[in-house]
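Sharing a structure, written as structure tokens. Questions coming.
Which chain is which? They are A, B, C, D and E, in the order written, and residues in each are numbered from 1.
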Amino acid sequence: MYDVINHLINTVFGLGWPSWAISLIAYLLVATILFLVAPFQMLFLTYFERRAIAQMQDRIGPNRVGPQGLFQPVADGVKMFTKEDIVPDAADKWVHLIGPCVVVAPTMFMFAVLPWGPGMVPLDMNIGLLFFFAISSVSAVGLMASGWASNNKFALLGAMRAVAQMVSYEIPAVLSLLAIVLVTGSLSIVDLIHQQAGLFISSADVPGIPDLGLGWFVFTPVGFLAFIAFFIAALAEGERTPFDIPEADSEIVAGYMTEYSGMKFGLFYLAQYVLNFLLCAITAIIFFGGWQGPGVGWLYAQAITPTNPDGNGLFNVLAGMLGVFYFLAKTYFFFFVMVWVRGAYARLRIDQLMDFGWKFLIPLTLVNVISAAIWVGLTKWGAAEGLAFVEGWAPLMRWGVAFVITLLLNIAAYIFLARVYSQAQDERARLDNEVLERLTNVA
Amino acid sequence: MLKTEELQINIGPQHPSTHGVFRMIVTVDGETITDLKPVFGYLHRNHEQIAEVNTYLQNMPYTDRLDYFNSMANNHAYALAVEKLVGIEVPERAEYLRVLMVELTRILNHAGALGFLINDMGAWQTQLAFGMREREKILDLFESASGARLMCNYFRFGGVARDLPPDFMPRLKDLLIAMPAFVDEMERLLRENEILLQRSENIGILPKEVAISYSVTGPMLRASGVPYDIRKAEPYSIYDRFDFDVPIGAVGDVYDRILVRIEEMRQSKRIIEQIIQQLPDAQGGHINPKARQNVRPPAGDVYARVETPKGELGFYLVSDGSLKPYRYKVRAPSFINLTPLGDMCRGYKVADVVVILGSIDIVMGEVDR
Amino acid sequence: MPQLSAEELRTRMRRDLPGAVLEAAPLQIVPPAHGSKGPFVTPDVLVEPTRLLDAALYLRDQVGYTYLSDIAVVDYLTDNLLEVVYRFYHLDGGPSLALKVRLSRENPELPSLTPHWPGANFHEREAYDLYGVVFTGHPFLRRIYMWDEFEGFPMRKDFPKQGDKYIGAEE
Amino acid sequence: MDLLIQIIFGLLSALVIGAAMMVVTVRNVIHAALWLIASFFGVAALYLLLEAEFIAVVQVLVYVGAISILILFAIMLTRSNEGDRLLTKYWWASALIALGLFGVAFLPTFTGTTWNMPQPTGPAGTPEVLSGVEELGRGFVSEFVLHFEIAGVLLTVALIGAIVIAFEERSRRRRVLTLAEELELRKRRQAAESVD
Amino acid sequence: MDIQRGNIIVMDRRRGKLRAGQGLLQGLKVVWDHWIGSFRKNENFSQIHGTFTIEYPDERMKLPQAYRNMPVLIYDDETGHELCTACYQCARACPPEVIHITQAKDPNTGKMVPASLEFIIEYDACMSCGLCAEACPFDAIKMDHFFELATDDRMGLLQRKADLNRPISYYTTIAPDLWDEVKEGAMKKLQGSIKRRPGVIGIAGHLSDKIAARRRELEAEAAAAPPAPADAAPAAPAGKLSPEEKAAKLAAMRAAKAGGAAPAAEAPAPAPELSPADAKAAKLAAIKAANAAKKAAEASAAEAPAAPVDEKAAKLAAIRAANAAKAAAAEAPAAPVDEKAAKLAAIRAANAAKAAAAEAPAAPVDEKAAKLAAIRAANAAKKKSE
């Protein structure tokens, strides 16, 4: 972006502006684009969700405003804007106002490190992944503030639940990413995507295989389990069914949003859907190769000719478009899965949610981290790390052994944990023997 | 040690999951319920006194409005009571038509009730939409037979208002093709689902002895393990001619209530199939031509009850020999099934209250009367 | 399927609970001036109000009719009494047995069955709300349909059908 | 470029200091906590300005995402008398003492630092080394292994301590019995009595 | 307990030993099948997949013949005679008691005639139970299929005979089989009651051509037979006029007179011409007429189940008054005082017209006329004030 603007201002118009001004303009421009993209994503996602879930229920869904009802979210947005903004008398006015803003702002920040396509990343941080999750944890503050400021039991309860849920499920989410980070050795999102080029297993290191862009981490046992755990945690972070307890309408009316109306309410919705989009996007990026896919690498290879080492313009553009298409398709597919899950399941109770997070998901992801270490040790390390016995193996052999071991370990861990967890659920259930024995003896 | 205070909260009267205008005063210790008092009467319209100023036939459409999900079953109970009081014979064909309608009602009620129950657990209406879809089909049939979808007002003393239209039977047969698929699908959605198991298993247990002493009826009683079905216990109409099973639960929790309702839909379908077989041989028209609708029963009292989808619906009628009932008492299943709500919820979490209430399957029109 | 008729029950109860069963007097439902349709004799067992609990427990524990289905109150204005009908069922099936109790309209008082049949709770509250029958020993005898401040018992036959302090007297 | 950074630095410093002032002066405890969060944020931004991305992100993750939430939870769970006037009559004395102590602590730093530092001319990879995750991880398990382990043990001890404080035996925690349990209890008591 | 013809089955709570998400996947599969299936329409009752939605305003469900919504009265297409004989059976059968009937009287003899003078059903309280249609021995009251009754005007749901009348041809379009069942008996009974109906009594009021035809017929009969029967009976069944209604008529006549026009009683009024000299008188008349019309309209809505014709008269008066006011306002180069009076009159006339339009459930044509008048009056007043 900097180059383009620099070219435009200093070469085409010949204004000779200093570099800081140009970079300021470039950043502002990118930021503006992102700020525009986010609400549009939200509008489309709400429409998409309503249509999809309606079809799952043998209905049609919104189809009156515009072609196929495409403008329904616009109409809803206009309604939101024109609604009266009600601030309860007993509310803390300023905090009540700041709450939704603090919830929305981090979701916008998170766009900063999101790669849309090859080379299309606003800010390639070398700790992009960490940034993503660090920023996402900020919105908890906003939830807390808005729940408290509303001065309403339901709102406070909803905020407490939301924050507890977010904080709890951040751990499995980060742990499952940790496994991937172990494998890649990098926290840069762009780097992560580049490592998923190749065929099937990127670290297999088999020569002569064409770049099909299918070296997605989800195809490894480690990556698959991490993906499952991460997606479940993402459902909880994005407050999607079956973890939408903070806004459980059958219990605590609308949670922290109870006392909000008009555009402030809309901001919560915006934040929620944008966050959902981002979570889907990051799932697609980390486990499904982001813009990687069959054809992107090939197009790039075509672009580079001896005469033009930087790449041919047309092929570059084509590759970029294909990459963006892959990325968006994957992202929307995951959003569809979210909708699908919402269409199929009921909601957990808050204590069951916490149980599931702490007693099932976290141990599972911890085991997965161990698997990842085994994987890295067998496929990457060698004598220098004390694994001299693998030195003699062929690369394919190393890869195969690692695959089998991690697969068995993960399956065993999953079945073991599932059994322990469901037994714990059963035991807790009908009669509490401990209590009964104590009380019988008391009498 | 951490201490929690007891706190009283009101759930309702205006709350998304109280199934109407219904209030629960809940005392909680942390999240655990120590006491729950149901409060109702917001829909009270003194139905019984309205009935005392109407003639017997004029009450028929009012019984529709008791439990508006199952107007046919309500009509049946009332028609049985008046026929018993006056001594009206019902032709065979009319009996078949009655049982057909009532069993369809049972299917539609359970389809809806399960959907609403899962909705209370937080599902986003999918199960409800599936249930409602089947319900709408049955309502279409009701509409073509009786003229209305909900307030059918189809039963008359000595029969039913009119015979089936010609397109009824083909559509009914179509419906019976869809019904097993629908029930299986519902079961697949509900039975093994881990989330649903967590939310319903061992929640709101009502043990057998307690259920009996609480006079609980219908699927709730059977889910507690008491095989008491009025269709079997005191066969009315022509229920002694059909083969069907009585499903009972083993534990008496919400999950058992779900399973019992699913199985009852299957059994109702069995009865309907038998009706379709036997109907062509049935004698008599849709109504006893000798039966006067403007009845003037002799002085006396009568109690007649039927097994509605929600439980025992009874009408206690006292006649003084005039055109209007002297006393008209409704023994409403939803009303009595609500009695153990407080005890059932004790010791569970706040979020479970909604589920337990949903599993009772109440209709406020019947509770408040 | 047990088939115990009211007559059989009456003889058994006469034998086992002496003094509890009363002879049912015929009821004149409407005043003769309105054209009497004849007296009405109930076939069911009429019980002395103070012995109601004994009779009900006898029915439950000795006869096996454990299921209390319904409690209905009827206001016989011309006879100046309230009749309370308790209906019991056997869980093995079969028709019901009813116990009837007659009370004066001025001071209707009955022992509550709620301690033994918790299911009687709402029935008795309803009877109290609409007819003013007081059940001694009921744990929470409050109005159930009408609001707590409501005066009068709306299902009684002498409750003004039109015009009261809530609607206005003109109508 | 430098000018821009100077301006941003000034603004951020003003934000941090202003927010910190608000933390200690504002009456409402929740407001104070929120101002504290703002201050944390400003500090993170300052780190970012120094191109210490990793530290900045960790600052956000730990302080904003975790510690401030902890503080908010603590405040909300312990109902204190909010809005009391916290300043005493002799606030100026305490201010003087605080300033003095701060001076004593700051003086060695002030005198011992060469302020006119030359521009770092070392290899360009230096910041990379500081914030690279892999290097950081290697540092933790090789050079700083003792610190790392001690911190880990300390945190584990704190965690166990918290559990010990909050733990209550399950059989004592449950005070309300469900209907089925009550029934079972009655049966068991009867059985126990009949044995006696 | 033992059960005949069937078993007691204890529900099997057994499930897979290991709960590891199989049930969740099963649920997803079910929903997926529905999503895939939703791209086509569901055709009949035997399917559980496919979109079921009926996009209501665009497509409509075919209503079954037995469908019942609100009761209507039916009349014979050929003669225009209503089937209703005012026997009160429906009123007696009605549980919420929303049917009110007035039986027609022979104006000459004062005897009751088997026809209704007025027939009112309060649609707002009707519970669509269909007992009235079942009770009717003459098959005169039937249940309509029209269900889009939603309105913000609750009093508009008080349906009079003019609103309730439907021809048999309409009923046969919605329920041909049901009509065929009862057709013969109903028509026979109708012939019987027509014989006992003198004059034009019993003919649906809005069928002016039928009434006229019947009247011609009667005249012809009268010409043929010397002792003339009640051929002079007014078009409207002679109800007793309330003083307000009389006043309204009087005012209307006066207004008309002031305008120098003498309109026929039944014909639509020609535009009154006004000479400037008569302006004041016209204004006065207009005011009076407006007041009277208003009163009459109120009275008719509030108390008396007035005949539609009287309402028409009131409306007519209002319209005329408005016209007069307009004319006066337009043509009189009057003093400010007069202007005021003119405006006042115009406003009043407008109000009266509005009231008449709002309170009297009238045929659309009349409403339109009233509204038009009101608008005209308002415009005139505006012009004048400018």
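We take it that a contact is a pair of C-beta atoms (placed from the backbone, for glycine too) under 8 Å apart; a residue touches a chain by one contact, two chains touch by 3 or more.
Molecules present, by chain and UniProt name: A = NADH-quinone oxidoreductase subunit H; B = NADH-quinone oxidoreductase subunit D; C = NADH-quinone oxidoreductase subunit C; D = NADH-quinone oxidoreductase subunit J; E = 4Fe-4S ferredoxin-type domain-containing protein.
Just so it is clear, the model here is predicted, and its values are computed rather than measured.
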{"item": "Highest-count interface - the chain pair sharing the most C-beta contacts", "value": "B-E"}
{"item": "Closest chain to global C-alpha mean, per-chain Cα centroids", "value": "B"}
{"item": "Centroid-based (C-alpha) most distant chain relative to subunit C", "value": "D"}
{"item": "Centre-of-Cα separation between subunit C and subunit B, whole angstrom", "value": "26"}
{"item": "Centroid distance [mean C-alpha coordinates] between subunit E and subunit B, Å", "value": "40"}
{"item": "Gap in Å, rounded to a whole number, between the CA centres of subunit C and subunit A", "value": "66"}
{"item": "Centroid distance [mean C-alpha coordinates] between subunit D and subunit B, Å", "value": "58"}
{"item": "Residues of subunit A touching at least two other chains", "value": "56-59, 343-345, 422, 425, 430"}
{"item": "Numbers and ranges of subunit D residues touching at least 2 other chains", "value": "174, 177, 180-181"}
{"item": "Sites on subunit E at which at least two other chains make contact", "value": "1, 19, 21, 24, 27, 30-31, 34, 52"}
{"item": "Residues of subunit B defined as touching subunit C within the complex", "value": "40-41, 44, 46, 48-49, 53, 210, 212-216, 226, 228, 232-234, 298-301, 303, 305, 312, 314, 316, 318, 320-322, 326-327, 329, 331, 335-336, 338-340, 343, 368-369"}
{"item": "In the complex, subunit B residues that touch subunit A", "value": "9, 15-17, 31, 118-126, 129-130, 133, 189, 193-196, 198-199, 201-202, 205, 251, 349-352, 354"}
{"item": "In the complex, subunit A residues that touch subunit E", "value": "52, 55-60, 63, 340-341, 343-345, 414-415, 418-419, 422, 425"}
{"item": "Contact set on subunit D toward subunit B in their complex", "value": "166, 168, 174-181, 183"}
{"item": "Sites on subunit C touched by subunit B in the complex", "value": "1, 29-30, 37-40, 42, 66-70, 72-75, 85, 87, 89, 91-96, 98, 116-123, 130, 143-147, 154-155, 161"}
